[in-house]
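A short worksheet on the structure shown next.
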Amino acid sequence: MNKKTNLLPLIAIFVGLTLIVWAISLTGDVRGFYSFDGIIITIFGSIAALMVSFPLKVLKNIPNTLKVLFMAEQEDKHLLIVTFVEMAKKSRRDGLLSLEDDLELVDNDFMKTGLQMIIDGVEPDVIKRVLELKMETMERRHSSGQEVFLKFGELAPAFGMLGTLIGLITMLAKLDDPSAIGAGMATALLTTFYGSLLANLILLPIAFNLAEQSESEIFVAELIMDGLLEIQSGTNPRMIEEKLMNYLSPDEKHKLESKFEAAEGNVANEKI
Amino acid sequence: MNKKTNLLPLIAIFVGLTLIVWAISLTGDVRGFYSFDGIIITIFGSIAALMVSFPLKVLKNIPNTLKVLFMAEQEDKHLLIVTFVEMAKKSRRDGLLSLEDDLELVDNDFMKTGLQMIIDGVEPDVIKRVLELKMETMERRHSSGQEVFLKFGELAPAFGMLGTLIGLITMLAKLDDPSAIGAGMATALLTTFYGSLLANLILLPIAFNLAEQSESEIFVAELIMDGLLEIQSGTNPRMIEEKLMNYLSPDEKHKLESKFEAAEGNVANEKI
Amino acid sequence: MNKKTNLLPLIAIFVGLTLIVWAISLTGDVRGFYSFDGIIITIFGSIAALMVSFPLKVLKNIPNTLKVLFMAEQEDKHLLIVTFVEMAKKSRRDGLLSLEDDLELVDNDFMKTGLQMIIDGVEPDVIKRVLELKMETMERRHSSGQEVFLKFGELAPAFGMLGTLIGLITMLAKLDDPSAIGAGMATALLTTFYGSLLANLILLPIAFNLAEQSESEIFVAELIMDGLLEIQSGTNPRMIEEKLMNYLSPDEKHKLESKFEAAEGNVANEKI
Amino acid sequence: MNKKTNLLPLIAIFVGLTLIVWAISLTGDVRGFYSFDGIIITIFGSIAALMVSFPLKVLKNIPNTLKVLFMAEQEDKHLLIVTFVEMAKKSRRDGLLSLEDDLELVDNDFMKTGLQMIIDGVEPDVIKRVLELKMETMERRHSSGQEVFLKFGELAPAFGMLGTLIGLITMLAKLDDPSAIGAGMATALLTTFYGSLLANLILLPIAFNLAEQSESEIFVAELIMDGLLEIQSGTNPRMIEEKLMNYLSPDEKHKLESKFEAAEGNVANEKI
Amino acid sequence: MNKKTNLLPLIAIFVGLTLIVWAISLTGDVRGFYSFDGIIITIFGSIAALMVSFPLKVLKNIPNTLKVLFMAEQEDKHLLIVTFVEMAKKSRRDGLLSLEDDLELVDNDFMKTGLQMIIDGVEPDVIKRVLELKMETMERRHSSGQEVFLKFGELAPAFGMLGTLIGLITMLAKLDDPSAIGAGMATALLTTFYGSLLANLILLPIAFNLAEQSESEIFVAELIMDGLLEIQSGTNPRMIEEKLMNYLSPDEKHKLESKFEAAEGNVANEKI
């Protein structure tokens, strides 16, 4: 497992905001785009509605959800397949109990649970049901994180529009001074601008990114479950390799095949 | 089961409304945002359309639905797992009939039904079918509650817009006095404001909250069904514990594990 | 079966319309909201598009669909369960053929078909398949009725907007007389008003109501199928009662339980 | 099979267009609603985007798709059921091979394939799989036709709005002459009008109609598959009749029942 | 397999753009529609949001995805069926091992994997599972490509609208000079125009096209899997031909049937 900080989303948000500020500065005055009240209404209004929508427990979990975003903990599918092939060879040679040593090297919680059950001699059906249950819980946890951002991304423009409505109604009610119309409408439109920027540059993309990551984590979990069950049923390591490689895209597959061939070349050399 | 009033949604709605009033008071006159006619059209118009959409029985049930919102009756998943482990130990020691004593302690209706059937010696398949039927009925009941708020949340902005159209048409028809345009449009926009505020701060978040609660109640019901069926089939308590713990998120799981270890420590101590 | 006219939807539509008229009369002139041409375009335009969308057969069926709306023919689930329990007792005492007498009392077509097959000694699998087929046909028939209103509810605002576009383009083309602008725009907006009112107060709520009724009729059909199959397989009446009661909500269940207890009390009294 | 031209959609489109022209002529000048450039942009712009969206093969198939629209080739479900009942009687009397004569009378391709396989003695499972495959291919073919119209119906208003944007930008850029504003905006709005009219009166209703027809064709295919498999398994003709009648709505069923009774009456008479 | 460049989408985009430029040139000044800042905001703003939404790996893959668009690598379903029929004849005559020669002629990766497993004597169930896994991976890979364009197509109009909001707010803030209003609004609207054009002519149609291609590739994969499994189970070649022909539309089927008949005629001639 290679945990590393993935700052790309943060950088991209920063670049996007810079771009917007630059665009404003070209023709207008950036300070004119700052409205304390507007920010309060758009952001805190949405947050109030979020607190009606979600139980507190889910909202408290947002920092954890964001950690997922910036700390891409993506399994290396190549490495997993190589590991499974090695484990398959070992277990066919020395029995399933010999995998106990590998248990300590594994730090993926999902794989650890499954491997432990194999060593304990649990029935394949039960292992499958337990691992599927784990996947379902994982999906539920992820999806509640995504939904907060998705909902926030829907509420921000809605409260932006509410702010604009307030601004318009106020302005229209005292239409005595025509020279104030422009400034009034400009201020009114600011909250729509805030809500739309927040939603389209930050909130909805984050929600989407989380969904993508969740989906790919589930896919890796399927690979792991598949590999574990094949090892338990004593399948030929060569066959396991071929089957699991179908979880890779053609490009990834090609890279791994050269690796395996190189490895076999080494073995061949060693034998000589 | 720990029933407690959950006032968070109510507080959040109140905070949101205060925020809006504050924002209005900054530049305009809060009294200018009150329009008796506008409120009537937006709210009662939507309610009329709601009464076309739903049978009376469903609408009468709204107070009950709201009670769910403010009276979070969330099962403690930790406690449930501990209970199941205890029940599994007992039933393996003293037979399934010994669970009769526990029956009185259970006040979750779903669990009670299942446990009663286990004691009565009903076949696992039948128990499963009956409990799944109960879940389906539960889901249907919940979803009809959510749908009222969802529909209300769609209708309120639609009737708000109808009110605005009425205001605009009336104003445009007597455009003799240009000075009245502003005031006319301001009044016209009020109903859009009402509809949007009602939908985005109150109705749609409530509908969403109810959906979240329903989903999590179904998840707990799945945990209960799983636990009951494992007890009936005489599974090892240790195994039941491990399986059911997969219904918890990693955080919850970690907390419960330390609890179990502490408990076992106590048992060990007692034995000494 | 208790057929009775359900005038609630009709009354609610009437109340909604009155509300709108009242709101108009407060500030404007109700007569100014009548435009013969606008009504023609919005309604007949939508109807033309409806006739492209649906085969004539479906459109001819609209009066029947509306009859469903105003003639709620809702099965009494309580009564059904009591009936099934009675039938189960009878058939265990006197054989399945003894149910022939009940056949005449049943006027629900779905139940009649199933009961007849049971008496004819048809295999449970075949009965299940035939009843599921009946449910599917029922669902299809209902859904085509709903879809007409749903589609109408989408088309009405679209043609309303088309009317407004026509009005705007005409007005803008002859912008010589600024005093006519207001009146022109007011007239143009009328069709949007018609389309939106029609959709949100009448058409979409009716579509929704039909969907709700269809769903609940399917639910009752599931109850009936379940009850019939249990009777055929000779299940204990007490067990049938318990199973079928899970089709009821907790409230309904509670009411029925007291009824059963009362009934048993009577039986007990009679025996004495 | 009764193929007949179904001109209703064409007539309804014509009526709708006439209505629109009439509405325009009431207050404005119909010639003012004609803009060669606007039509080009709205229609050919959408078509360019359609050609990016679909492979050429699908677009070439549009005339065939339209033929389906205007040449309703609806199976007569009554006739099909009568045919199946007759075939069931015959095959029970003279064996499945005797159905070879009927093969030539059948001109529904789907039924022909199935009947041929029955006569050839193909296994029921294989027949079912082949017929289901045929249904899937049929559904795919239909749905690609619908999707062209659906997509066209989405693109037309989008390109209409693009045309309006072009018109507005051009007009606003040379705002020297206020008297030209009205005419400029009128022209700009024309493309939105074209796109919306095209989508709501013609394209989307056609897409919907095709979807409805496809669904009902699949339903008939299910009836045919069901009937054929029952004949192969030698089911009682009376039973087949009862089962297949569940594919009819209550109205259709009632009509057919009187027919069957009349037929039996005739047979009775003949016997006398 | 016939790989050939499919320039239709590229040409259609070019035609669409030409059409738009032509439409602009009719009444306005094409140069007035160029705004460097507007293009930067609309395109690079969307790209920043895309980089928040997707992991870098997916974005790097865009050129490959576009290659799919312009290099239609569509299997010839006719040829595939003919190949399967030939292979079925050969394998019934000379055993499954004789298919080893064909392996080299196949350059479809999916078919190659399946055929190799058949020759290796892998169980049908395993082959099916492996091929279904390959299909799933294929679908996932395709769908992540489509989603980039779909998301881009949603973000471009959103950032276009943000640009317009910036322009409007800037313009309204300095409303001193009424003569600048027109030009200001025209510039503001340009980004909406860019975003809408980009989305409706280029991005969304590309996303749709990719989805269509992916779906049809999956359909071909189903045909291949079906054919391979029938060959393995030793089905009659005639039967395989008939079954696989159901993957063709009636038109395609008709063409292939004449081909087969011609082929049989040739064989007949040769025999003579």
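Each chain carries a letter (A, B, C, D and E) given by its place in the written order, and its residues are counted from 1.
The rule is simple: a residue touches a chain if its C-beta (ideal position, glycine included) is under 8 Å from a C-beta of that chain, and two chains touch if they have at least 3 such contacts.
Bear in mind the structure is a predicted one, so any value in this text is a computation, not a measurement.
Any chain that touches chain C and also touches chain E is listed here: D. Contact with both chain A and chain C is made by B.
For the pair chain D and chain E, the distance between C-alpha centroids works out to 26 Å. A straight line joining the Cα centres of chain B and chain D is 42 Å long.
In chain D, no position touches at least two other chains. Taken as a graph of touching chains, this assembly is arranged as a ring, one closed cycle with exactly two partners per chain. With chain B taken as the origin and chain C fixing the direction of travel, the chains line up round the ring as B, C, D, E, A.
For chain D in complex with chain E, the residues that touch the partner chain are 37, 40-41, 44-45, 48-56, 58, 109, 113, 122, 126, 129-130, 133-134, 137, 140-141, 144, 151, 155, 158-159, 161-163, 165-175.
Here chain C touches chain B in the complex through residues 6, 8-9, 11-13, 15-16, 19-20, 23-24, 26-29, 32-33, 72, 179, 181-183, 185-186, 189-190, 192-193, 196-197, 200-202, 204-206, 208-209, 212-213, 219, 239, 242-243, 246-250, going by the rule given at the top.
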